[in-house]
Amino acid sequence: MAESLADYEPLARDVLPAAVYDFVAGGSGLEQTVGLNRAAFFAITLTPRILTGLAKPNPSWMVLGTRWELPIAVAPMAYQKLLHPEGELHLAAAASRAGIPYTISTLSSVPLEKIAGVAPSWFQLYWLRDRRVVTSLVERAVDAGCGALMVTVDVPVMGRRLRDIRNQFALPPDIAPENLVDKVTEAHDAVPGVSAVAAHTASVFEPAVSWRDLEWLRSLCPIPLVIKGILDPRDARRAVEIGADGVVVSNHGGRQLDGAIASIDALGPVVDAVGKDCVVLLDSGVRSGLDVLKAVASGASGVLVGRPLLWALAVDAVDEALALLGREVRDAMLLAGCADLAAVRELSVGRATWPIWS
Amino acid sequence: MAESLADYEPLARDVLPAAVYDFVAGGSGLEQTVGLNRAAFFAITLTPRILTGLAKPNPSWMVLGTRWELPIAVAPMAYQKLLHPEGELHLAAAASRAGIPYTISTLSSVPLEKIAGVAPSWFQLYWLRDRRVVTSLVERAVDAGCGALMVTVDVPVMGRRLRDIRNQFALPPDIAPENLVDKVTEAHDAVPGVSAVAAHTASVFEPAVSWRDLEWLRSLCPIPLVIKGILDPRDARRAVEIGADGVVVSNHGGRQLDGAIASIDALGPVVDAVGKDCVVLLDSGVRSGLDVLKAVASGASGVLVGRPLLWALAVDAVDEALALLGREVRDAMLLAGCADLAAVRELSVGRATWPIWS
Amino acid sequence: MAESLADYEPLARDVLPAAVYDFVAGGSGLEQTVGLNRAAFFAITLTPRILTGLAKPNPSWMVLGTRWELPIAVAPMAYQKLLHPEGELHLAAAASRAGIPYTISTLSSVPLEKIAGVAPSWFQLYWLRDRRVVTSLVERAVDAGCGALMVTVDVPVMGRRLRDIRNQFALPPDIAPENLVDKVTEAHDAVPGVSAVAAHTASVFEPAVSWRDLEWLRSLCPIPLVIKGILDPRDARRAVEIGADGVVVSNHGGRQLDGAIASIDALGPVVDAVGKDCVVLLDSGVRSGLDVLKAVASGASGVLVGRPLLWALAVDAVDEALALLGREVRDAMLLAGCADLAAVRELSVGRATWPIWS
Amino acid sequence: MAESLADYEPLARDVLPAAVYDFVAGGSGLEQTVGLNRAAFFAITLTPRILTGLAKPNPSWMVLGTRWELPIAVAPMAYQKLLHPEGELHLAAAASRAGIPYTISTLSSVPLEKIAGVAPSWFQLYWLRDRRVVTSLVERAVDAGCGALMVTVDVPVMGRRLRDIRNQFALPPDIAPENLVDKVTEAHDAVPGVSAVAAHTASVFEPAVSWRDLEWLRSLCPIPLVIKGILDPRDARRAVEIGADGVVVSNHGGRQLDGAIASIDALGPVVDAVGKDCVVLLDSGVRSGLDVLKAVASGASGVLVGRPLLWALAVDAVDEALALLGREVRDAMLLAGCADLAAVRELSVGRATWPIWS
């Protein structure tokens, strides 16, 4: 049984095929950034407040026009049927029960409409070579009632994930990118020295996307637009200028540019650059309710949580995991003397003397 | 046999039931702050002085109107019968022989009056849901001759201590919170996935305490009032304003908000904030006489020592342990050229280049 | 098979005689600088840019009047027949196919003219006691069409490489310094407590070289002159003053002064000191395409790569290794949103919180 | 065989009784300062210079009116017969052959006159309770021709060295403090829980020495006076004021105040405080010729070397060790481009990014 969100990883490792475990856990290159994401969270300390007369903190989160139970969204993650027979449907329904938004990946293994049918969702867009498909995906997401469009801009191509290459990782035949037209793809072909999922994205993703394309998307998109994968404050400022409603400070969980700065270390300058002009979310390395507080105290409006929820999905424990995460957030708020997220933002944030790994 | 205070932990581990060891040793969450407390002490260096013509340093400590042999008090710690058949009585008597104050916990497993009968004591107050009990505890402490009231403000609820949850930790039937009315409690019920002691505190502690309540307590309390569990200098300043005589800079030994700043790292700003307006004590991570010097040189008036004394209690070596601790303090003062605590406060405090673990 | 440049070291270790492995891998003294070179690269983080509309980055490098495919040259390394029967010829031909310059060592185990015949080359000069040989080597390099003369100034004598001393490392009879007159040398005599290659260099290298000698060399040398082994910005400035076209910021891969600053840490001040007055290259510790980007983003014009290419040579995989390295550079540029090296230079460079080893 | 000074420790460990090994290797308390001394040296980087036209560096050292071959003195160390049948005589003769000063300990196991007869020596003075013995020791040292009097001020009592306490360390009957009147001492009595050597010093050393006593000593002492064991710049300044010719920045190799700042970290402020008004030496943690350069580049005039020479003594290799140390110094100077110690002082000193242990 799990007593903290971190407990699911070893449990999942025990039940998953090694190549699937690696696909989820892994990062690109030497996985420096995977490590940095964790180290940077450990390095942060909080200074709790006392005697605030608080019995029950309220972690509810107002973002992009909606109020949620927690300052947490499920990060967009491809092919969730790898982890559970019902895949996205199962995790999305749990998110809905927990009162947090679910982000549907372009590469979901269940059609987006079905997922949006079970949970209030955001839709994550990868820019595909065929622009008509881009337009159609946006329309489908809007029609399905998605509350926001999150366009991911840090995947011109997939980062070289050496584990997948070594594992010749490919999708099993019954799992496919259900939102796309071609469902039998390179992603299914195990080839020595190749990650089949990387080969697939190389064939369908447009690498050469520009700010001009984003302006076009902005004009096209009637719902809030969030840009995911920003680390440089100059780019964050540009996002505001083209009318984005939000940005996600993210290094894609260490899966794209290895050696990229830890997201949480990149957060401050981005927050300073955009001020109140757009919403700033963060992902990469959030592993506990405490980390959620650390991110919010460091200036994030809220966070996306990735891998931990896939580990819970793999062991059929998503409701428990989300309950635990909510509990960790509320406990940390109570112990830090924070009635609400605004109070969390007022906490003093420090830096640990020396590395302490749990 | 023990040659340093640090020696008692492995000795105690050998003799204690694993769940009791864990209850004492553990912290909340991933125990980041437990680790930070130690790392932060290791990181501090002192620059000794020479040729001060000193044969025998005087570590005696004037605090809250009384002079003690050492700048050390026994930290309030619940249920000491877990470690020794006589529990609090045994440790308190040793403290008395050593000439240092003993702090009686609200959750002592011996009635406070009995303990105060064997040793000059302070009384630690947890704020209970039933305010009449709060009033009565204060009156009893005053009547019993306690020299100070130390109100602990960092436990609105108990931090999630995963070891206790995993161990389904509960009190044995013969150990109870003897100061409280209800002695057969949730703390005795082993329930899967639950720390029984946490369940008990959740039922009896008032989580929503405010500064206004503290003002009320101040008006009620005829003896010196110390607030335990302050880390933010703004809160320390507020403590002065409501008339507190002292504060304890403490993260509760890493048992409350995991990820909280190390107490010793929080000390400087608190000392700067309160100046000479109240006494500043420190706990969390003190493991040797050297650490006592590091704390005092960093601005603390004196320290509370927690776990190390419980380890000594478990192996029936409290007199030896306190003698050793006193010796470590005196040795370190002599080698640092410090005639008294005022001289310790003048030492230069530095920071080690790199982590050195003992 | 190798999926990253770093993969060749363990592969080579498996096939090489231990003493040859040690000769290549080792550094001087306690190998502090060998470690620092790696740690300093790990410590650097990059902040990628997005939406630059880039499909295919162009890593081509204009240096010393020539354009190359990558901002990478093969570092000069002695006696490559130790690793492959064809030695230098094999690696140089691969460099040529990859479109990058090959640097011929004074101590090559194949005559320089032969190497220059198979690849566009630079010639690395060690200053020998017999000045006529120096003059003759320069003339031979120029006649052979070498594009630059790289004079190495950090080897007055060889650093004490304890592995070689412990191994009594000596050259096998069929490997010799083919550019020199005396080919049967001290380098072949295994003597207890002695590195034979060090004994040989002690006998033929001139330790007492000065800036005056460099001025003489400059006047003598009709091709671009690069000074290899500069770490102090004052020396870099001096190099500009005597008319050098370039400098290599290098600690010789940790093989000369143990305890020397990591090259990448020395880079910034050197770049500041010389401005645009000469080309600044860097070596020591580059192990991946990502490291190439880190170096360029930190101010280097390009880098030399040493040991990794010898490991590839040992397992007969130089074409694959150079292709992989090129791919790593292009991938990293694409993921960092950099169309060309000028864009790489504009990236923000940060420092990791804490050590992360891959 | 040894190829670096660091090699002698494991060799000695193999041949020495464990308690003797511990007596030499150990420090006080948790040995934090023993570790800090090493870490602080590893943390220092040097930036070598080039093309200085140097064939043979000159490490000779002018100090207190005498020129020596190296900027190194043998640190005063008690009871050297523990390591070699001839003890001090053997090491002193080797120092003499190597052209460096030998410091005779008050607690030498050979009478000081005998040692001064085989080597140019300094005499180290511990302040004894019987002031007539102090006077007599100074007179004897002067009469024996000692070149300086080094008074050690960081041993009011011996630091608690837990290894010695655990080992009940005592001197064998044939080893005694030969300079003292009482030669059969507490140092010979093995008592549980006691270090016999500490008990002996407690009985004969005067703990309460003051600056006033030093003034008296200064007036008494016709030869240069050096104060050993200074870390605080205020004390260094005071040393100048009472007319000391030199100070040794030292934490006694981590054997006195555990938690004391690393000597090399304390050096800079001391050098700034005394300027050219007296000579500044350093000890504690010097383990190689490179460390000697690091110390001199950081501002020391020269260093004392302690334990490494005892390890060499234990394996009867003192000539070899001193030759190796000299070679390491000269090699490092040559590779750093330093003709003499003045040039070493001009080197840039940096700090390594991250801990690198050899």
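Lettered A, B, C and D in written order, each chain numbered from 1.
Here, contacts are C-beta pairs under 8 Å (C-beta built on N, C-alpha and C of every residue); 3 or more make two chains touch, one makes a residue touch a chain.
Listed by chain with UniProt protein names: A, B, C, D = Alpha-hydroxy-acid oxidizing protein.
Quantities reported herein were computed from a predicted structural model and do not represent experimental measurements.
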Same or different contact residues where subunit B meets its copy subunit A, judged by the half mark: different
Angular offset of subunit B relative to subunit D [C-alpha, multiple of 5 degrees]: 90
Geometric centre distance via CA averages, subunit D-subunit C, whole Å: 41
Interchain centroid distance [CA atoms averaged], subunit B/subunit C, Å: 58
Interface hub residues of subunit B, defined as touching at least two other chains: 42, 355
Pairwise chain contacts under the document criterion: A-B, A-C, B-D, C-D
Residues of subunit A defined as touching subunit C within the complex: 28-33, 35-36, 39-40, 42-43, 153-154, 156-157, 159-160, 162, 165-166, 193, 207-214, 227, 229-232, 234-235, 238, 251, 256-262, 265-266, 351, 355
Of subunit B, residues touching subunit D in the complex: 1, 3-4, 6, 42, 44-56, 288, 290, 293-294, 327-328, 331-332, 334-337, 348, 350, 352-356, 358
